[in-house]
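Down below are the structures I want you to see.
Look for chain A in each of the two complexes below; its partner is chain B in the first and chain C in the second.
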Partner chain A sequence: MSTHDHFDPSRRAFLGAATGGTALTIAGLPSQALARINAPHDHEELKKTTEVFGFCDMCYWRCGLKIRSRDGRAVKIDGNTEHPNNWGVVCAKGNSGLMVAYAPNRLKYPMKRVGKRGENKWKQISWDEALDTVATELNKAKEKYGPQTLALIGHGSWEKPYHRLAHAFGTPNTTSPVFGLCCGPRGVSNMIIMGRNLTGNETIDLENCKYFLMMGRNITESLHNGETLGWVNGVANGAKVVYFDPRYSITAAKADEYYAIRPLTDHAFLLAMINVVINEELYDKQFIAEYVVGFDELKERVQKYTPEWAEPITEVPAQDIRRLAKEMAAKAPSVFVYAPRRMTRTSNDFGTGMAITILNTLFGVWGRKGGVFTPQNYKVPEIDLPKFEHATANRIDVGGDFNYEQPEIPIAHIQDKDGKYQRADGAGVMGRWPIANPQYGLTNEMWKAMAEQRPYPVKALMTAGGNGFLNSTNYDIIRKALETVDFYVATDVIPNEMNMYADILLPEASYLERYDDLQVGGGREGYVAVRMPAMKPLHGTRDAWTICKQLADRMDLGAYFPHDSIKELIDDRLKKAGSSLAEIEKVGILKIPADPKKNFPLDHGGKLKIKTPSGSSKAEMIPGMLKMMGYDKALDYVEQVRPNEDEFHMTFGRIGFHTHARTQDNVWTADLMRENVLWIHPESAAKRGINEGDLVKVSDRKGRSGEIKAKVTIRIRKDTIFMVHGFGHWDSRMTTANGKGLADSDLASYEVDPSIGSMSMGLSLVKVEKV
Partner chain B sequence: MSKQYVMLADTVRCINCKACVVACRAEWETPMGHTRDWVTEVELVQNNQPQVMLFPGRCQHCDDAPCIEACPSGAAYKREDGIVLQDNCICSGCELCVPACPYEARWLNPETNAISKCTFCQPRIDEGLEPTCVQTCVGRALIFGDINDPESEVAKLLQEKEWLQLVTDEVNIGPNHYYYTAGEAIPDEVMPKLNERHLPGTIMKNVVNPVGAIGIGAMLLTFLGAGVVKLISRRDEVNTSENKEEK
Partner chain C sequence: MNEQAKLYLLASGLFNQPTHNRIKDLHCLIDELLQTMPEWEILKALKPHLKYSEDLETEYSRLFILSFPNEAVQPFASYWIESDHSLMGNSTLEVKRMMLEHGIEIAENTGLLPDHIVSELEFIAYLVSQDDEKSQQTQQQLLEQHCSYWIPLFITALNKANPIPYYQLSANYLKQLMIPT
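Take a look at the complex of A and B:
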């Protein structure tokens, strides 16, 4: 039934005249009909929908969702107000998830390569033929080279079953870019000093924090709903924001103070901060006495890093460094030194990460309101599985693809006493990258291992989502790897430049079309969340778990996938936790309520439980394990590259409505930004005769170059250029993104952090000229 | 007291993530190239330092809405609760209301050949839901509610802080959309502007209408072709729905 409502005919000036007679009589309408026009207006009514729960897959934060469907089709993605990752809000990327499922150019049917690798010539084949081929080829490689010859690179939709399949196959070589190409240095820094991960979904008490020192953490544009909202709330609650970035981002616009710090020099600034905090006794004395070892040695080591030393390096005035240190100390422990999300920039990211952890620790933020809270975890046991012969199970199989739990034996994989295969990328391997996290590995080093076939043959590759080209930097190595392996199978929902090289391409159902293994997480509340299909898989697509099970069955690995369906697996796990699939489907998420005593033990007379990788029950300012291995030199500042007069620092970053390199072809997010532009300072532009909108050529010292339009703005330093990451696609299947903008990834540097092997992407120096 | 709906935009909380824009697109299936809401990023230079201000925008649901006066078919109307709506059944798609709006909030939907605009999500709020942009807003910068309810969040916020409207000396038509800028002046870029193509309502009322019988021809032709079909279908629909009700 329509709702009728009042309206004011006097407003309808023209119609008033019309009903007077003449005008519309000309149009041939009887006066009876004119009276109808004056009838109350019909109001549009909301169309009826059904709802299911899920969690997002548009980025790796994984917000809780409620998805509305009508006539068997998902029509709107809303947030689940109960989910602590987003509290009901959903960003533009999350809202655009529908266009992943409905993309006319998504991967629809299994395909076999018929041209050369990377030539994009395909033939549609049946699922049986595709899966048989994959099983046969993988087994062939195993027979010839051993199970470790398989590399699995994941960066897609809930990649957990692929990791399980690879581990069951017997390879330790499973990796995701999250470590080596993104957050690695931060994770290791917190782990090795504090025994805490503090990455993934960070456990920061944002709402109650009173002072954010943000080292390039562009939280408004490299945004995760719950984290960003928490921060916005914190700022609204009166927190001071001091933001450091060579570019005036939107976060800079929200800050109380902004420093256009010289690129790559955050570490120098942080060391000077530590120097002031220690020398002026601004640290939390009680916390240091009770929970910290190595303070005296730290004090000695940072003496040379005075604010006056840091000023010419960072271009942050010494007096400001002193003032900021004092301001923070006055607000401690409700303060936080915020690391950048992606921390693979300088030639010593590990040192930068450790300086951040140390500074936070000096302010005693751990376990305190307004600082870092201790998360609660919802215990959901894994299913019973046979032992993994070669790969330790304490990896991706715990808690989904973000492991919130502190592993019982962190960094346990340094030496393999049991004769298990060492990783080809060297993560966790003595003599190579012993302190790199082998749960996610070093994707950059895995590509190298494939390209060079060292230290042993890696002849088979499976990728589950991701885009090796645009999420990394060294295109030559990646291309060589993709051309060198004997067999490459890719699964994904959408086409991209990496899966273009596959021998067999398997089309995955999108996250709106499938069940998946549970999302187990820990915030102030512990939680477990479910992903339910909002519609049936479109085209000939299948969900990840089904693809893996069907492959496992073909390779005699069915014991690792003991259930008949993913629904049974979920139900099995939940029953072990005292619930069931039926129960969680009604609410989407099960939670342990927040508990201030557990979240903030030090505010409630409790104690902090610390266990570092070297076995210390206190935070180690100079981690013993590092000293033993000679890596403690990372604590010291390393001089960074400098551009010549005619060069720039090459920087790149995020915008709030694109995720990495995977949304440029999504028609809804693309409508918000179709191509990236080069940010350049007006003075630097004028010197080169560059005006707004001009096409310019950017070239680096390695001989790589590309063209892009200029945005002339004072929002960037004179010695720095910036572009939004993820553009410059060249896969002809990507009909929206193909040929738009420039790929920063083809200009970023690919040196590695000497301590942990993660990539240093910010060392490129480029020239810019008008085309 | 009747309801009076308003939208507040706390620009300090806005981060230009454009969640509102895409949520609206998904909710109302707007065609590519058009949106009912938007976020304007204004880059300013003050003392040689950059400054960025963000303004989420949409129909301002003005008290004295010129679009309603400009609409020759009576499709544009204001509901008692202040929401300016467009009756798709009547709208001829003549687009006379488009230049009438100084906020550029109206556009012709090529798929329906009717005018589309923000409705404050009328179908949603009629069911007790929030507008979709408000529900999805990442920074919770958008706040919607009934200004006449003293207990509502909007009523309280309007009391607590100093809110501005997008009005100028030239255009001051009672927008029901408020902005908080923490004391900063609103830049000209987002201020409403009279469109020179717009035939002001006063002309409609004082000149066009009285002489409508004779002088209307030229104007009429602009909407007649498309309009008549819609008017007839509207008549049929009203007849049908009345018949149903009688049964």
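Take a look at the complex of A and C:
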């Protein structure tokens, strides 16, 4: 089959015989251009079942997989029993991964926008034309505005090569929503107090934990296989579960105790717990003496946060707060205060996160069985690359996720004293969001920078997966950003409302159809895992690395992609680690065995190694860095919004079989939930004449509104409504999800945490009325 | 190549990406067919619409690739045959196997699946052009047990999508070619 569109009557016609080499010429037929079929060399694809290893892309936990293929197509996804992220378990989302590859609506060919941005009018173009256009337009923007004018927002696929491409291009403006829209507050809290990350694949010794205090950590629905499995085993081993959530989730149903805490007030409850633990001397005295500084100042600081103070704020009885503190202390250090997965809710998530870290630290959970283990890391060196001129230092260089070494210069200057470009989103920039992680950036602020073209022109956008609308909030800003940039190229496997605005749309091969760079993780066992293709890429799709390599070659950045293929890169990295691609392909994962002495040093006579960003070798209860910057006020409670009599707190969250806004168009996951509904308490519903299944209108104070069906249930507070996240799509290309349910993201608040710049999505107050 | 094969080849080309060269070739093909089949009104009706334009490419993308403003006109048999609308279903493999039995496969880098309407119609054209019993059997099997199920659904969806005249006529042509009255 030809890819040429040229008329060439001398060539073989559109068909040929497979054997004997006799070409069938069709007299008078002018058309190689018509031809789409040609002869095979053999029937090589009709083979028996084969099996390859991979890791999942259906959520961000990245479970290890074994994928069976037959006749050239992947037919079954199973878990890799050796992978510590899931120990062989695959969830509903993971099983539905096949329908990412086989989705009728997936992006299939490179497309060029021919209508207005967002109008969804396209023309299929060749890869060469698409890549040439992208390279030309990006270079044009660079010439006019400088390399910092490019923003890269990645989310959803294995986005590493895109970050490398952007850094090679010369921009520091690479970002992923993980900090500003999801886990940032708890990540930075653990880092600034303990020098530990504790996000991503959390290093909690769940199986041996004896007491879980779960602050809205809905582990059975916002689930990750290895984590949920560990928690279930912990519960089976006798752990007590105390769960806090304005909604009676499935996790609440599995808990020993449930508190329908008043929304947004977790911080008040936690401060009262700290108060009791300190004043009643329930903390781990030896741990505090050896590993903690700032205890006395903390003690003084929390005196005002008594359980009696917290009770009217949280609606958790003071006597229960005292009892819970004592119960936990009795089980410490095999206890854990569990932060919610997404922690961008209140106007002081940073304070909430720090209170959780402090409480865990008071119980001495670090490096202890049943607490937080110290992970081991499989050392796989990165490939040798030329230096990135302007990119922020990577996490390996700074020994953690958070780089505080930022120069003090005015915002108006776009370069620091060393000539490095400052991030447009202000993450890690003095005078803006110095505590925010410049590795991931503040995606919410990056959208704003593009919309407002401040502090400097951000005129080119590349997105790798993600959905700026449904994964964020403030659609006006997102839309304005997408309409303001000079050039926008989107790569993804699936269509969505954001990539609908692209000038050039590049279709990626799904995770079942490609090699990717290695997954290097740290658990009790250190590991490195491989992703192998279970089938050839369908349609006209290409893998992420190849797309980036081919773009880099066109922009004279080939030195940053020195290998001819991603396979070569993997092999190169593994050989530096004493293995090879051939070796890892046999097993899918290479591991360093768990070592209790390293995982739980304090239980084996060892010491805990601490290094906080300010250089302290002890945990800082009142982080010096914060005091220096004037941000330590975040340790104190900040009063949260309260709804008027006729209003509700607007809450949203996940369900076990959908991931963010990425799976609603997947026919298999949609079979489990096709649209979301509004949870409302029967008394609140009755006041408004709302019955089960009624269509209701939800409106916020900013004038935004939407319609959704009601689910009348006692499983929610009377002052709170809830909906599952990720629904309410309006992209007509998503024929399964389009028009189903309501987008919480168009109702969530878009204020930001004043300390770290992450979004405070839970501040929205809404009215509900029957339509 | 016999006339019947050319008719299927024309159908295949009509549903393929309408590039400059392809449109030019389709024009030639229609001229050839009209010489021997002047009575086919649909061919005469189609001919003036065989002009390349960006609008035509945009309409092609809208209908068959990713816009679907009111109706999914998926050009894959599997979409219409499989209960979950998945691509690469067993129905795709059946067609792939049939092709392989005749020494045919979809070439790399074309971006087409075996059960894409372009592939299937061109395969039928190939079968029709062959003068052996096996090809006739395969053709019959493909038409009766496969195409007859999904092509009518595809045509109905295409008509519902309010296509421009080029594709209205192409749908009509496909119907006349594939669906016995």
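Keep in mind that, in the parts below, the second predicted complex is superposed on the first by the 698 of 771 C-alpha atoms of A that agree within 3 Å, B and C clash if a C-alpha of one lies under 4 Å from a C-alpha of the other, contacts with A are read in each partner's own complex, and residues count from 1 in each chain.
Criterion: a residue touches a chain if its C-beta (ideal position, glycine included) is under 8 Å from a C-beta of that chain, and two chains touch if they have at least 3 such contacts.
Being a predicted model, the structure only gives us computed values, none of them experimental.
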First, second, both or neither for A:Lys387, with chain B first and chain C second: neither
Touched partner set for A:Trp668, first chain B, second chain C, both or neither: both
Which of chain B and chain C A:Val114 touches, first, second, both or neither: second
Which of chain B and chain C A:Lys48 touches, first, second, both or neither: neither
Partner chain(s) touched by A:Ala101 [first = chain B, second = chain C, both, neither]: second
Partner chain in contact with A:Thr735 - chain B first, chain C second, else both or neither: second
Contacts of A:Lys586 with chain B and chain C, given as first, second, both or neither: neither
First, second, both or neither for A:Asp71, with chain B first and chain C second: second
Contact residues common to both interfaces of chain A (with chain B and with chain C): 2-3, 5-7, 13-18, 24, 26-29, 33, 36-39, 43, 45-46, 98, 667-668, 671
Parts of chain B lying in touch with chain A, wherever the complex brings them together: 12-13, 15-19, 21-23, 25-27, 32-33, 43, 45, 48-54, 65, 68-69, 71-74, 77-80, 85, 87-90, 119, 122-124, 126-127, 129, 132, 135-141, 201, 204-205, 208-210, 212-213, 216, 220, 224, 227-228, 231-232, 234-235, 237-239, 241
For the chain C and chain A complex, residues of the former touching the latter: 1, 5-6, 9, 12-13, 16-17, 19-22, 24-26, 28-29, 32, 54, 57-58, 60-62, 65-70, 72, 74, 76, 78-79, 84-89, 93, 96-97, 99-100, 102-113, 118-119, 122-123, 125-126, 129
Complex contact set, residues of chain A against chain B: 2-3, 5-8, 11-18, 20-24, 26-29, 33, 36-39, 41-46, 75-79, 88-92, 94-96, 98, 220-221, 223, 225, 228-229, 232-233, 235-236, 248, 250, 252-254, 656-657, 667-669, 671-672, 713-715
In the complex, chain A residues that touch chain C: 1-3, 5-7, 13-19, 24, 26-31, 33-40, 43, 45-46, 71-73, 98-99, 101-105, 107-109, 111, 114-115, 120-124, 495, 538-540, 667-668, 671, 732-733, 735
